[in-house]
Amino acid sequence: MVDILQLATANLVSPVILCFALGLVAALARSDLSVPEAAAKALSIYLLFAIGFKGGVSVAGYGLDGTLILTLLLGIALSAVLPLIAFYLLQVLSGLDRLNAAAVAGHYGSISIVTFVAATSVLEKYGIASEGYMVAVAAIMEAPAILSALWLVSRGSDSSARMDATLWREILLNGSIVLLVGSFLIGMATGEDGLKEIESFIVSPFKGVLCLFMLDMGLLAGRSLAKSRKSISIGLLAFGVLMPLIGASIALPLGFALGLSSGGTVLLMVLSASASYIAVPAAMRVALPEADPGVYLTLSLGVTFPFNLTLGIPLYVAAANFLFS
Amino acid sequence: MVDILQLATANLVSPVILCFALGLVAALARSDLSVPEAAAKALSIYLLFAIGFKGGVSVAGYGLDGTLILTLLLGIALSAVLPLIAFYLLQVLSGLDRLNAAAVAGHYGSISIVTFVAATSVLEKYGIASEGYMVAVAAIMEAPAILSALWLVSRGSDSSARMDATLWREILLNGSIVLLVGSFLIGMATGEDGLKEIESFIVSPFKGVLCLFMLDMGLLAGRSLAKSRKSISIGLLAFGVLMPLIGASIALPLGFALGLSSGGTVLLMVLSASASYIAVPAAMRVALPEADPGVYLTLSLGVTFPFNLTLGIPLYVAAANFLFS
Amino acid sequence: MVDILQLATANLVSPVILCFALGLVAALARSDLSVPEAAAKALSIYLLFAIGFKGGVSVAGYGLDGTLILTLLLGIALSAVLPLIAFYLLQVLSGLDRLNAAAVAGHYGSISIVTFVAATSVLEKYGIASEGYMVAVAAIMEAPAILSALWLVSRGSDSSARMDATLWREILLNGSIVLLVGSFLIGMATGEDGLKEIESFIVSPFKGVLCLFMLDMGLLAGRSLAKSRKSISIGLLAFGVLMPLIGASIALPLGFALGLSSGGTVLLMVLSASASYIAVPAAMRVALPEADPGVYLTLSLGVTFPFNLTLGIPLYVAAANFLFS
Amino acid sequence: MKAYKAKRVEIIIETPMQSRLTDALVKAGVTGYTLLPVLGGQGRSGPWTREGEVSRAGGMTMVLCIVRQEKLDTVLDTAFAIVEKHIGVVSVTDCDVLRAERF
Amino acid sequence: MKAYKAKRVEIIIETPMQSRLTDALVKAGVTGYTLLPVLGGQGRSGPWTREGEVSRAGGMTMVLCIVRQEKLDTVLDTAFAIVEKHIGVVSVTDCDVLRAERF
Amino acid sequence: MKAYKAKRVEIIIETPMQSRLTDALVKAGVTGYTLLPVLGGQGRSGPWTREGEVSRAGGMTMVLCIVRQEKLDTVLDTAFAIVEKHIGVVSVTDCDVLRAERF
């Protein structure tokens, strides 16, 4: 227990978390502090590129072990199944109608890449190694959850989910997936030599860039909380905290059973515990326009994201530590 | 004297100054060279974050000495009083009406954070230490001057100054103050450990980023000079050069008396000598819409800023050196 | 021959090239991956500043040798004459009308600074030194080609080329020329001392930034290919590959005769071989509005740029190696 | 200068729907359209802004489409079918255009 | 497609005043508004551009507000009270809107 | 609120031509204009977008110019002379403005 508390405290006073807090406070105090949209997008391109590339280089170095395929399949399964659990939990905890519950559920099957990145840098700090291909697992977990969400809606009588080929292409070829997978492959192809060439761009300044991105995430989270506070009931709030714990608890034994390292298992837990706020919301606006973004964005960005960032990640690290030692 | 000249010359051939000069020349020659607005804002976020964070870390390291509170109070006093002097000087030197004179005066009580940043890197170059909390003094000096300016206007019969609660909130919670103070507190909380994590983002590339920002400042200064040359009389020009010298001369003995280090005193001089071009203009557009931005922006950005950058800072360093040794 | 192949292969698996390929594939697959306009411009400002500055520093270090003036004159001559050759070649290879042929020809006399930058980092990788002032040659080669293109048009009866003083100013003072020449002069003025101050900004992360810029170039090239595939005939395609080879072949003996180093000769070849996609297209929209951008942009960005990047540069290096050893 | 009567259709639509709308407009026979960025706004679903956003989900785009009067109904039907379930605003103004052959 | 008459009010206002204007418009009963970025321009106070700006002071924003005809006067009075002493432009156009219940 | 009749001229023009157009408009006697950014669009010359662009060549800018009715013809002639050989769109709408003395 002490261990967790220490981890959590150490985690809380890191620049990364405090930058998030600064953004949150600034937005709630209605400061006009803001990161230009183009700069925020540039920061996210940098982070995706760096994290994908480093994952690829690490795979090039240590080779692909047999568990890669299995972990990818597990990722798909988790992404597809977690929404069903989330949907059920939402009906127990909140009065959300089928449509909105399905939309929210879709977000929790998918993943938040910034939570993943934050977890990676916590692991690094404690010298815990992890499989480089977890980046590929992250990429593959983005989309299946959307399907599950639409299936959940289509079971209802008043089905209005719209899924067409264009939407499929948009989801599978959305910028962040393409960049993550692409830079992963580039990292694999160029290996350590490639890394050496661009190390002082993607490795050394990485954490500082993450700080600025977290500032922006804090601003977004604060703004969405300030705007949609009313649409988030106690039940939904409870969901936003419980669901990541459930996701992580499911991922933990599975990662262990599959033979992932303790670091890899933590990352799988983080992927399961985190909720999308980029790819899924965009898909939902097209496929389920009647669902209220105030609900799903606020839950994902304003509740679950900060929870994972502050308490979740140290908890998952401690739990994996416990199981693996 | 030789010392000052040397300092000034060495200062003038630094990449930071030359980048400013490049921007100035490009704008005056009507080149279409420009930095996108989003990029300029991103650069300023970086600079504010880095300077605040490093200030905080240095306070965490050396502790808060007793003079902090006094220096903050002194900062408030300087920011409030300098506009009165500026107002008087303007009436002596130029035919500016009360409204415009008050608006200009407000800019000179407040501060220019880029001038502050430029001074910091000159100090660093010469290995002159300064109090980390000067960053907090910079933040606290932003707003009081605005009040003084509005008070100066309200004394006139045709008062049209408008100050409401919203404007107050906007001034006190404006993005740059929040970011500067916030990152200062983050630096204080995380200390050297935090700095180590993000050092290669906020320390090593700092000066290079400053160069690009100065290029943009040069473009802005040049554009404002090209546009408003006519509205700047000889009297106003003299004011733009005299006022910083007066501000610095007032700050010098006060900093010394308060027991600030020589570096800290230089920074206090720079804060007093510099004129705002971000926070105050925005406030003036709301509170004194009839005042002409062509006058106050051109003076602040086109005259006083380059003066401080090129001649002022070395002069202040030399003066402090002289007094402290 | 083995040498070239090795060079080409090593070149192909570098992160820089693969990032270009990623962008190309993403655009052709119609992914929504994109770099915000402001970010792309910021990246290009960084690259121009860094390459100009480093060129200037290297001139400050090794001094200006007598060939500088001659090389500049040669650059002007190449830029002015290559369009004539290109124009003739286009009439042989394609059915392009006079107007469009002249517009395309203008692009090939001018230069692509990113190709130049990419070549520089290939040279660096192999430890091949080059004259720092080649940056100035790059700058001077931007504009003369535009004149030649307009002259080619004006010879036709239905002359509609419009060249006025404003356009002249726009071309000669266009942002990239001013920034390149300006930072070159700054580098010359501040020398190694200046470089040391900003080295960790403009040297270490350079290649990483280039990667992201190449990603964007790939996206642009892919988009322009996807859009204008139909307007590019086999003849034009052949031109897009032949013309750089011709340009480089002309530059090789001239660089050698002039006494340039082998690295400098490679850069001169690259400048001759590359086609503009920033300055010239903008000038053509004003001066030759009836020419089809789908033709000249696609050729320059979609055909010649990738050709130089992947096969051209290693070929030029190998050819210069052969001649100089 | 001879000017011709036409209709200026202005549609503010969620960014993720924009390509669907413009593809449909082109199918419906418009000769062109122009996209303008939108910074933020407010409506029944509350205020929003693009500042700091990474996702396209929350934003809106303005689609401006100038059409001949006789095409207006087709264009509005097309637009309506797409914006129907979505938030967004469609407005039509009379205008005069130069170079009528372009529309 | 049934369309309804409405008024399209377009206000170009200094960015630091934008939130005051839109707050006032909402109080005056408009159902929504849209903010468009402005790159630059020229007027009696000379030319300006947003390029490279860090401060919000020098820029302008376009506020677009579609209102029912009967609300127009209230909206214009509100707008005028705020832009009165400020630089900026207010224009009103007749327009037709779909989904009138939204306005 | 007293409003005055005026004309709202909206010109979508290639960015490299913008300064020529606005210089000419000012010479032709307009009291001001406003520049709006354009994200992308489609026309006879195909679709385009500003995303990732470094060159100004491929983009367009919207020039908005409110003029008194009596100046309209001069303004349109001026605009036409410049956009004539270029891609781009010119449209004119009737509008009411506040503060007529500004135009």
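Brief remarks follow.
As written, the chains take the letters A, B, C, D, E and F, and residue 1 is the first residue of each chain.
Criterion: a residue touches a chain if its C-beta (ideal position, glycine included) is under 8 Å from a C-beta of that chain, and two chains touch if they have at least 3 such contacts.
Model, not experiment: these values are computed from the prediction.
Identification of common neighbours of subunit E and subunit F yields D. Considering every other chain in turn, the ones in contact with both subunit C and subunit D prove to be A, F. The greater number of contacting C-beta pairs, out of the two interfaces C-F and B-C, is seen for B-C. Greatest centre-to-centre distance from subunit C is found for E, with centres as Cα means.
Taking the mean of C-alpha positions as each chain's centre, the chain lying farthest from the centre of subunit F is A.
For the pair subunit B and subunit F, the distance between C-alpha centroids works out to 39 Å. Mean C-alpha positions place subunit C and subunit E at a centre distance of 45 Å. Here the CA centre of subunit A is 34 Å from the CA centre of subunit D.
Multi-chain contact residues of subunit A, defined as those touching 2 or more other chains: 32, 34-39, 41-42, 170, 200, 204-205. Residue positions of subunit D with contacts to 2 or more other chains are 36-37, 49, 56, 93-94. Interchain contacts (touch definition given at top) occur between A-B, A-C, A-D, B-C, B-E, C-F, D-E, D-F, E-F.
Those residues of subunit D that touch subunit A in the complex are listed here as 14, 16-17, 19-20, 45-58, 85-87. Subunit B makes touch with subunit C in their complex at residues 13-15, 18-19, 22, 25-26, 29-39, 42, 200, 204-209, 211-212, 215.
Within the complex, the subunit C residues that touch subunit B are 36-39, 41-42, 45-46, 49, 53, 169-170, 173-175, 178-179, 182-183, 185-186, 189-190, 194, 197-198, 200-202, 205. Residue ranges on subunit F touching subunit D, taken from their complex, read 10, 12, 36-44, 49, 60, 62, 73, 76-77, 79-80, 83, 89-94. Subunit A meets subunit D in the complex at residues 34-37, 40-41, 44, 160, 166, 170, 216, 219-220, 223, 227-228, 277-279, 281-286, 289-290, 292-294, 297.
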